[in-house]
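First chain A sits with chain B, and in the next complex the same chain sits with chain C.
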Partner chain A sequence: MEKPLDKCLDEISHSAGVSGVLCADSQGLCLGVRGKASASSSGTIAALAERAAMLEPGSQDPLILLEGDNSQCLVHHNNSITLAVYKSPETS
Partner chain B sequence: MADEMKKHLTDLMNSTDDVLGIVITDRDGVPIMKVASEETPDLALRPTFISTFSMATDQAGKLGMGKNKKMICMYGNYQVVHFNLLPLVVTVIASSHANTGLVMSLDKDIAPVVSQLAQVVDIASMS
Partner chain C sequence: MHGIGRIPDEVGHLILSEDGAVIASGGELENAEQMGGTVMGILTCITKAQLWPADSGDAFKKISITYSDHSYVICLSNKNIHIVKRKFIPHEPVKV
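Here is the complex of A and B:
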């Protein structure tokens, strides 16, 4: 049942510059994780996407970019699924 | 010190949306520390309800997947997340639409309080 999701996560995690991927549902439960992403951060990521969407009610779900010294994290929420992509700086 | 611990638990409860209460009990469900909002159902705070987790976690540990660490119970209006931090048990009561992942990650923040309380409980049980 989860094979298409696993395949999708594998494809993303093997893309250039990507160091990790995490997929969470609307309840903040981890649906899949690859690379350096941690399953325990699924709740935080889902909550972050939900809160960010509240900034502009009625508009499309935002794409959130978290930038740190060593990596970037892109978070996007769509159809009750939240996807976070971790990118490392040298290749991004 | 108890006041500080209680304040810490209250802050944790308020920092997570839709969390209604946090209870730290011993394995028999006897409350050691409790913070709860008015909307918390009384039944979820009763020792009879909380003590069933001790039995369930013991049985779940026999499934061959290692020690049971957490248990999530989803109900129509509420969700209850139990953390197995024996000799103590932490029970978080939240509304059914709370972010379950966020509630599950509360254990990292509660663990320091529990480890301090566990020392006290250990000393009390030995004397």
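Here is the complex of A and C:
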């Protein structure tokens, strides 16, 4: 049943510059993780997406980008699924 | 005063203290206290748990929240939380 999701996560994790990918459901349960991403952060990522959507309740869910010195984390919530993609320059 | 008005495409700004109190505001975010509360909620949510992998030793410095036609940029500077609302004009991809 989860094969399409696994395939999708594999594809994303093998993209250029991607060091990790995590997928969580609306309650923060980790649905899949690849690379450097940690399954323990799935709850935080789902909560972050939910809180960011509260900035403008009527609008479409926003894209959240967290930037550090050496890495970036993109978070997007869509259809009750939250996807986080970790990017770092050394893997590009 | 803060030099925040010189940011290109800026349409509003909000400066919060570390405890979430509004220090300055302007443009579309003038007196947007409710938004300040939401941003503080986002920040506490992130700082509670380590989002980055433990071995990377990295931490986030800037947060961008992007909608289809505008974006919010949040960063910490001089112990204050700066929030800037900017117009977001997506560029057409370059066709090769």
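In the analysis below, the second predicted complex is superposed on the first by the 89 of 92 C-alpha atoms of A that agree within 3 Å, B and C clash if a C-alpha of one lies under 4 Å from a C-alpha of the other, contacts with A are read in each partner's own complex, and residues count from 1 in each chain.
The rule is simple: contacts are C-beta pairs under 8 Å (C-beta built on N, C-alpha and C of every residue); 3 or more make two chains touch, one makes a residue touch a chain.
These figures come from a predicted structure and were not determined experimentally.
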Joint occupancy of chain A by chain B and chain C, clash or fit: fit
First, second, both or neither for A:9, with chain B first and chain C second: neither
Chain B versus chain C as contact partner of A:67, first or second or both or neither: second
Partner chain(s) touched by A:83 [first = chain B, second = chain C, both, neither]: neither
Which superposed partner A:30 touches (first chain B, second chain C, both, neither): first
Which of chain B and chain C A:47 touches, first, second, both or neither: both
Winner by number of chain A residues touched, once chain B and chain C are compared: C
Smallest distance from any CA atom of chain C to any CA atom of chain B, in Å, after fitting: 8
Shared chain A contacts, counted only where both chain B and chain C touch the same residue: 40-41, 43-44, 47
Chain A-facing residues of chain B, complex: 17, 99-105, 108
Chain A residues touching chain B - in the complex, by the definition given at the top: 24, 27-30, 40-44, 46-47, 50
Interfacial residue positions of chain C with respect to chain A in the complex: 35, 38-39, 41-42, 45-46, 48-56, 58-68, 72
Sites on chain A touched by chain C in the complex: 20, 36-38, 40-41, 43-45, 47-48, 51-52, 54-56, 59-60, 62-71, 73, 86, 88
